[in-house]
Amino acid sequence: MQDRVREILSWYASDNPGTRSNIARLLNTGRLGGTGRLVILPVDQGFEHGPARSFAPNPAGYDPRYHFDLALAAGCNAYAAPLGFIEAGAAEFAGEIPLILKLNNSDSLTPGGDPCPAITGSVDEALRLGCSAVGFTIYPASTARNVMFQEIKEITEEAKRKGLAVVVWSYPRGSGISKEGETAIDVVAYAAQIACQLGAHIIKVKPPTAHIEQAAAKKVYEKERIPVGTLAERVRHVVQSSFAGRRIVIFSGGEAKETSAIFDEVRGIRDGGGFGSIIGRNSFQRPKREAVEFLGQVIDIYAGKTK
Amino acid sequence: MQDRVREILSWYASDNPGTRSNIARLLNTGRLGGTGRLVILPVDQGFEHGPARSFAPNPAGYDPRYHFDLALAAGCNAYAAPLGFIEAGAAEFAGEIPLILKLNNSDSLTPGGDPCPAITGSVDEALRLGCSAVGFTIYPASTARNVMFQEIKEITEEAKRKGLAVVVWSYPRGSGISKEGETAIDVVAYAAQIACQLGAHIIKVKPPTAHIEQAAAKKVYEKERIPVGTLAERVRHVVQSSFAGRRIVIFSGGEAKETSAIFDEVRGIRDGGGFGSIIGRNSFQRPKREAVEFLGQVIDIYAGKTK
Amino acid sequence: MQDRVREILSWYASDNPGTRSNIARLLNTGRLGGTGRLVILPVDQGFEHGPARSFAPNPAGYDPRYHFDLALAAGCNAYAAPLGFIEAGAAEFAGEIPLILKLNNSDSLTPGGDPCPAITGSVDEALRLGCSAVGFTIYPASTARNVMFQEIKEITEEAKRKGLAVVVWSYPRGSGISKEGETAIDVVAYAAQIACQLGAHIIKVKPPTAHIEQAAAKKVYEKERIPVGTLAERVRHVVQSSFAGRRIVIFSGGEAKETSAIFDEVRGIRDGGGFGSIIGRNSFQRPKREAVEFLGQVIDIYAGKTK
Amino acid sequence: MQDRVREILSWYASDNPGTRSNIARLLNTGRLGGTGRLVILPVDQGFEHGPARSFAPNPAGYDPRYHFDLALAAGCNAYAAPLGFIEAGAAEFAGEIPLILKLNNSDSLTPGGDPCPAITGSVDEALRLGCSAVGFTIYPASTARNVMFQEIKEITEEAKRKGLAVVVWSYPRGSGISKEGETAIDVVAYAAQIACQLGAHIIKVKPPTAHIEQAAAKKVYEKERIPVGTLAERVRHVVQSSFAGRRIVIFSGGEAKETSAIFDEVRGIRDGGGFGSIIGRNSFQRPKREAVEFLGQVIDIYAGKTK
Amino acid sequence: MQDRVREILSWYASDNPGTRSNIARLLNTGRLGGTGRLVILPVDQGFEHGPARSFAPNPAGYDPRYHFDLALAAGCNAYAAPLGFIEAGAAEFAGEIPLILKLNNSDSLTPGGDPCPAITGSVDEALRLGCSAVGFTIYPASTARNVMFQEIKEITEEAKRKGLAVVVWSYPRGSGISKEGETAIDVVAYAAQIACQLGAHIIKVKPPTAHIEQAAAKKVYEKERIPVGTLAERVRHVVQSSFAGRRIVIFSGGEAKETSAIFDEVRGIRDGGGFGSIIGRNSFQRPKREAVEFLGQVIDIYAGKTK
């Protein structure tokens, strides 16, 4: 095994060999295998936004098998999706790529107040379907945050007992903060810290902006002169906020549409010490050949094969 | 076994042999056995609308045994009903026709806000009564949707462990959408997708109209020029939205009263690649002889024996 | 065993022998034993209305043993009461008369909104105390109805697994209907249907009036010319609404005070095919000798020994 | 064993020998052992009112061991307290005096609406600490009453299965009644009845006044001419309302401060057939010697050694 | 073992040997080992205030291993933190210092009403990670207090069964009291009493002020002339309110920033018979060398090596 993978696994020394093996599987798969970097394909938009909004731009994506294929062809480390999508390919693609079963999901048919997703899967379902990890979204700053924190607490405890890894999507949203605050550097760093304290092995956050949301935080950022001017600096701060870099932190692709802008963002993540990207819509909404090429370039950036 | 049934079963490769056997039972029973099409008789109106509104037009239907008889005589694939109705015939008709135990129900004595049915049965009750599947209604767009999503998540996990099939009635309704939106093509397709993602084996939706409810969806339907002009086109879109046709999607008979209009609708479902119909009131509220003939014609349409 | 009892038991063919034995016990006890008719003594007023309002008119009733004695002396089929009252006589009267443990109760110290009783007993307590059945009150038309429906669903499933019979008091009440609607024929028939669909073996409703509460029902009653002019006709409709007479439906004594009015009511129930009566206050608030005579006459009416 | 204790145990014939042994222990301990009367020392004021308000008048009471000592020195039948206080002496005083673990408690830091105490102990904790009984407070007339009724239902079932006795503090309070109504004779009798129906072995109520709170009850008290003029008459009515005297009913010391007034009250309880007293603040807030003498006199009154 | 430790253990005679061993571990570790005094390092600010506000002043603290090191270097009795922080060092520092797993936590992204933390860990997680104790925060005076009381009741019962010690942070806060009341002497003493009654082994409160919050308490403090003029007097009253000194009560460092003020406070705690301090921000926000020296002086004060 690569030294870098061994080093990363050493951060998870309190976990049992089963869980550490699954973290290793995620790190050792795909074109970034062994580098300590990850690119993951997530496809939960069918549930979150509806089928046409998600798959009509590239109708091949209506078929659940397409995404397994895409993740494999592009050399991703893993594929993440809700129960139905995983179930519809898990047997056919058994053992071909690490799977992350997303255990909670929101739909967009009922606009509501502060977010609180429905639990739609379980640790036992993940085991049944041969997954390496479970995924879970928390919304810090939602008034329902404690519901989610307690759900992930239960799931984390069970997953660790049963040898799975835990990936937490930590997306601040809700009446505790402003819209701009959802990607503020202080808020994103705080969201990463919360996910780490809740016991996540891998944390996914959004690329942060230089905005600082909370007055009490602003004082400290200014007094301590924490550099947040460039994306790389901000990513470095988020990584530091994730137990001084001893937890795997990856970043979402967000809504950026210009491919070159995405590549710039990925370079910033890489240069700031981020561990990788998790890119959905920007991947599966392109024709497959384009998507493979696109993901290939993202992977090359992380692999250091391109600037 | 017919090749078509084998093909359909291959879509459920993640399920255990028990569940797949029960899906096969549903597909291999009745006059449509082996064709991959289904016509199911559902009778939950006694609970949902009250006994007189349901059975006075054809009083033979007060007797729970009548519906088992009707489903058998008409050559249906299965019979679906709540606990009491199933229990009152399950022993007498043991092994004669696949049964679907409906596990949640609403009554209409208390007009209320957004719908959230009561749980009225369980997977273990379905096993005790010799059923092949459990049925469950979700109301996407209800503010209580997450309660239902989490209930069906529990039921689905247990049913799959215990070898039963899961049929989900996915009826968008509630303060998230307009009345017209309940059958809008974008909403019905979304409702089908949600049921698929929740792990349903068979999904029941209403025949969709050409109305598009959500602004964000409308943009995509227009941009991608998704054809929704005819019922067949809309059914095709719903089937595509159900994992590219790799889940069984059937359609309710709705409130249409003119028999010829129903037959037209069934032809549209068939031509769009729908897997069948589930028709309650239009069946059991006629005298038995008429009902058998009516269902026979519906079956003939699906069987391709009539246009 | 009497043919009529065997016939009734055949309606419950999905139940295990334990449950059917207990239904048989209820049907074979007392002066109506073997006739398929039942008269049950229920005493939950101590909890529901308080001790003085319940027992001061006949202070012997303060003693829990009194009611066991009364039910035995009068030749009733069974005695029904909450935990405390059953517990206080179950050992002394072990095996002398079938007992029904009421598992939920309301008190009248806190006037409130829509009714939702407290759970005050369990199936295991019923087994411990040697009961033949559990009793449960549901209030269709209450906004809390689904809470009750789900409670009785749990209880019913457990009771049937453990060989007990289930008696459901189905009393429409709450903001879904008017005061007059609580005994409207459409509502009472609906309430009986709901209890049947929930899996009750024996259903208790109030004698219905000719009032029709729901507009949607009214149309059907008029169109189908369902006769509801006399009590016998209305009882016949309720019995029909209870799975075409294949569930045991009994009627409460209500608040009627004139003894002759009660006898008239009982004749109406009998003539409409009702299975019997469950009469509390009108029994235990009289001196014992009078009560025995009174219940004796009710029994005689059902036994056909008097008009 | 004394005949009176045997007689009392006969009322609990439905309970298992374990529970009956513990009731016997309560009845056979202390200076009133064997008489069928009880005087119990309860100390939950530290939780309910705070430490200084409870123990500053007699600082020895800050020490949990003090109350075990006091109950023993005074010849009480039992000592009742919350988890912390029992735990802090249970080992040292193991086997010396029957203990009652109070399983729910309210604090007075947050004035609120209708009362609903926190569960602070369990049946298993009572077993671990060698207790003979569990104690539980219900507040009939609180809008949260059903929560409490269902909690005590669970506890009662478990306690009876595991051989413990159940003592219920039944204190009407909340928006269902007036302040004066909390001790009204009709309300106190009703509260006793509810506790009996919920399966309590020993019921504690407050000494009732002659006030009648509920209009529906008032009619009956007047019509039936129930005597409620003297405390003895009212106690007799409460005892009658407790299953015709076949449940042990004891009375709290209330807030009375004048020692002679307390003795008068105790005489009234005794003369009305009450089974004893449970006196906290009036005991432990005096210096120990005075407290022993005070409780000694109360015991003498019950023992008939003084008028 | 030191006599003082034996004496303290004798107060917990109702606990099993496992729990008592863990209390002994806490008392016998570090520079205060054997004295009966404790200084504990708690680090939950990453969760409670966010990473930058907590660790930017001394960035070494971003690394979870730093705090294990600091607690060891300073000679603390134990280190307390949430799941993530404990997990990230438990394997590396296994067996080097007693650990306290904090089982509930609040974040400050969503300002809300009365506090109610999220459960973020469990007793089984504490066992898995080799902890000696679990920690839990209650907020008496919050309208959600009963939720927390019932949570700690469950946790306490399980921890005691499984041989762990229980440390309760008892911080009055919420709409029941004023801001000033949070540290009022009557309120702090009450908060200590509640934690004791809930079964805590070690109670952490804030150093109290001379303010008296509750009118009913004020009367008693004045009448009984309870001395609360100096911090030592107030600490003595809190210790007395904790079962007459038979429970371990420690005090938080609060927000005091002047080092000399902290030392004065510590002397007051020591002189009043307090058992020690639990000091977070004032420790880990200094450079390590300063922090070790600072904690060393606090320890010296408790050890009596300095005034």
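Per-chain residue numbering starts at 1, and chain names A, B, C, D and E are given in the order in which the chains are listed.
Quick note on the criterion: contacts are C-beta pairs under 8 Å (C-beta built on N, C-alpha and C of every residue); 3 or more make two chains touch, one makes a residue touch a chain.
These numbers come from a predicted model, not from an experiment.
In summary, the chains found to touch both chain A and chain D are E. Interface note: chain A and chain E, two copies of one sequence, contact each other through mostly non-matching residue numbers (shared numbers fall below half of all numbers used).
Chain B and chain E have centres, each the mean of its CA atoms, that are 58 Å apart.
A straight line joining the Cα centres of chain C and chain D is 36 Å long.
Multi-chain contact residues of chain A (touching two or more other chains): none found. Taken as a graph of touching chains, this assembly is arranged as a ring, one closed cycle with exactly two partners per chain.
Within the complex formed with chain B, the chain C residues making contact are 11, 13-15, 140-143, 145-146, 149-150, 153, 157, 160, 172, 174-177, 186-187, 189-194, 196-200, 214, 216-217, 220-221, 224, 226, 237, 240-241, 243-244, 246-247.
Listed in rising order, the residues of chain A touching chain B in the complex are 46-47, 49-53, 55-57, 59, 62-64, 82-85, 87-88, 90-92, 105, 107-112, 116-122, 124-125, 128-129.
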